[in-house]
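Shared chain: subunit A. Partners: subunit B in the first complex, subunit C in the second.
So, the complex of A and B:
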């Protein structure tokens, strides 16, 4: 087990594409860091550079304090779980697990012992003689995990390992991976584009956008305190309402003319400029009688999810920005009854529309 | 059954008969005596000379072909067919491995050069090839028979396409598992290519077995003749000289020549179809 240090890492491809632009992050011993971002943001490239499958254009990757830029993947002492599992189709499950050990000259008895142990942890003892094509998706996923475990590596690298599974199994395997990683305490990097997966699995997250790190922090830090517009929009489902408007005189005027007077803590922070106001759907609540900071919204659609209800509408009537509210429990009445919302003042986020940074 | 289907079947059956009948006549006629065939013409049913005729063809020196025995010629053809097929598979697999998995300058260009040679049949280069083999003193040797034919654009092309369809992650997983280029080739790629190899083996074995022009030019020694040349010899001898034509032995020789490729195809058929249709991955 070891820590991983990624310092100012850059990746430029021969065709000029600049996939990773100076990312730095330290992964502590035993930590699970999730690389989160939309497709094409460079998260997989970064992971593959740590694995040694891509060359590092600039910067440094160190595992356990030793620089590994020029070390071959086999000698980095890492194990990787691939999106499509990449199991050897012609080998039995046992041989799939044992292959890496054999190449490292581990003795036969030791291999048997380690494979049996890993199989017991993952509950795949009964399948050791089968070929990968005789296994279900979840079982293959376990075998892929097993191949990583038997090696007892310094770090696990996961490249979207759950995206080939159906939704139900994905939730199940997500929990298994989390338990397993906790239990084994192996430093892990985990790439995903699914923010729910990222939030539930990661000790910390690094959100990547267009090759750059937008923000690094624990899931709750990113949720409660997004530093950029991108992070605000990416973390949380349904996504945060991002309402473009103009900041002037301590209030924001939105498209369509609606106006919101900001609480004192926000209004003093900036001179008049174009801003984006962020408010999470779950931080809107049905208006109470008291005078409070609130919105008038024309609701045009109600979605009942059971535990919650989603209300979709437009701020200040037609022409205003779209807004979604998430109210707990069941909401009675029709769309037209729902048009006043209260806001929790300290859950408002204000972003600079030009730079995308938090104000 | 609809009338349309009946017509379809009649057409198909007629087609089959058209293809099979000559082979059938050769088979049945090869079991009669020379006198019967001379008196009554070709036979449609088996006679009683099966053992005698085939024994004569297989073992008698200077029989119907006036050269070596059919056994010897079958052996030569087998060596040629096997060497041709195995050699082509080895060479084209290695070439395709280099082209697909190693980054070197002009790899794509070189592949297309190889591919272009598909357009050039053996006959185009047969004179220079003969000159080279002759100067190396390889006339009338198995080496001379096989090596000049061993490079295969077709094989290289098929293996290249196949290797390209193998997911990159397998290579990456193997690299992380500590497998170098040779280990990866032997442990992963080779087993995955089994069906592909079987398919190419059949095609190449039959092609090698049926080679005519090259062995004809290459071999001057009777003991190096292949069975295909033997057939040619047999029919040449048939209508020379005054004795009764030994048509029955010529037919027996033909049947013997057809048998091994047929067996190879039957044996590998299952693999053949799977290999061409893409295998399990």
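So, the complex of A and C:
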């Protein structure tokens, strides 16, 4: 077990693509850090640099305090789980698990013991003689996990290991991975573009955008305190309402003319005129007329999800910015009955439209 | 393998008719003729013939010349198949690793495929010309008293070299395609599991190439058996003393030059059977074993 230090790491591919632009993060011993971001933001590239499958253009990666930039992948003592599992098709499940151990000179008896143990943990004892093509997707996923855990490595690296599974199995395996990682206490890096997976799995998250780290923190920190527009829009489902507008005399004027008076503590700090107001759908509630910021919304669609209800509409009527509210439980009445909402002032997020930073 | 059932309509058979006609006229009919002729003994002018059952076959296997030729053919074929596969695989592995200028390398390696065997033979003749051949000079400079005209080994070495040179390109294309068909992440998983590059090749890459290798092995054996005819005919013509003569070449010399049609038919029937066995073996093996 070990900690991983990533310092000012850069990646430029041979074709000039600047995939990672100076990322620094420390992964503590036993921690599971999730790399989250949209497709093409450089998550896999960063992970593969830690694995040694890509060279590090600049900066440093250290595992257990030792710089590994020039250490070959097999000597970094890490195990990786690939998106398509990458099992050896010509080997039995047993041999798939044993291959890495054999190449490290582990004794036969020890290999058997470790493979059996890993197979028992993952429930794949019955398939040890089979070839990968005789297994279901879920079973292959387990074998891929097994191949990682028999090695007893310093760190696990996961590159979207669940994205080839169906939705139900994905939720199941997600929980299983979390349990397993807790139980073994192995430092892990986990790449995903699924923010729900990231929130539920990660001890901490690093949100990447176009090769840069936008924010690093625990799932709740990112949810409650997004520091940039990008993080605000990326974390949370349904996504945060982001309403562009102009800051004028302590209030925001939106397209279509609607105006919203902001609490002083927000408007006072704004340096620019162009702002984006962020409102999480679940923070909106039916207007109570008390100490809160009130909205008038023309609701045009109600979606009943069972546990919650989503209301879609436009702030201040047609021409105003789109707004979604999520109210708990069942909502009675028709669209036209639902146009007054309120929000507690400190749940409002204000961003500078130019820089994308939180105000 | 997928099996398709056609029900009732004769239309599909109509469409394969031209193909069937070609097979009958150019393959089945001559093959049947060969089988028939192999049971006949003709006089030297081809005027009378006599049905002699298996006499021709008996004569063939009892003939020391034929046995020598058969042994030479088998060794020659195995050397060509092995050498051209090994060289092609090495080149393909290297070319597969290259990122920059990859297509130039590939083109350079592939173009010999377009050279006809007879032309390859002519090029070989020039290179190995006893007086002006640059290969002859090179070998002499290396201390090898190379003499293709009177030394059987030297002559065999020359045609093997030409045959391998010509065949490497085909093997290279297939190996390269096979290598590119191996999942990149499987190779990366192996990089994490095994430090040694050569060990990785023998435990992961090579087994995963097995279907390609096996297919090529059969193709190469067939090539060495039959397609080297053009090379031999333009270079050594079996000389010196029949030491570079393959079975196919002997069929030709006995039949068309020696005018022993019965004997040469018997020889070609044996060749036909060999190819059938090789092909049947390939199909069975490929269907069963080397498929992941």
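We take it that the second predicted complex is superposed on the first by the 353 of 359 C-alpha atoms of A that agree within 3 Å, B and C clash if a C-alpha of one lies under 4 Å from a C-alpha of the other, contacts with A are read in each partner's own complex, and residues count from 1 in each chain.
By our rule, a contact is a pair of C-beta atoms (placed from the backbone, for glycine too) under 8 Å apart; a residue touches a chain by one contact, two chains touch by 3 or more.
Computed from a predicted structure; not experimentally measured.
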Subunit A as common anchor, with subunit B and subunit C clashing or fitting: clash
Partner chain(s) touched by A:307 [first = subunit B, second = subunit C, both, neither]: neither
Contacts of A:84 with subunit B and subunit C, given as first, second, both or neither: both
First, second, both or neither for A:133, with subunit B first and subunit C second: both
Contacts of A:14 with subunit B and subunit C, given as first, second, both or neither: second
Touching partner for A:74 - first (subunit B), second (subunit C), both, neither: both
Doubly contacted residues of subunit A, that is, touched by subunit B and again by subunit C: 51-53, 72-74, 78-80, 82-84, 86-90, 99-100, 103, 133, 147
Subunit B-facing residues of subunit A, complex: 51-53, 72-74, 78-80, 82-84, 86-90, 99-100, 103-104, 133, 147
Subunit A residues touching subunit C - in the complex, by the definition given at the top: 14, 51-53, 72-75, 78-80, 82-84, 86-90, 99-100, 103, 131, 133, 147
Subunit A-facing residues of subunit C, complex: 99-100, 183, 185-186, 188-196, 199, 203-204, 207-208, 210, 292
Subunit A-touching residues of subunit B, taken from the complex the two chains share: 167, 169-170, 172-179, 183, 187-188, 191-192, 280-281
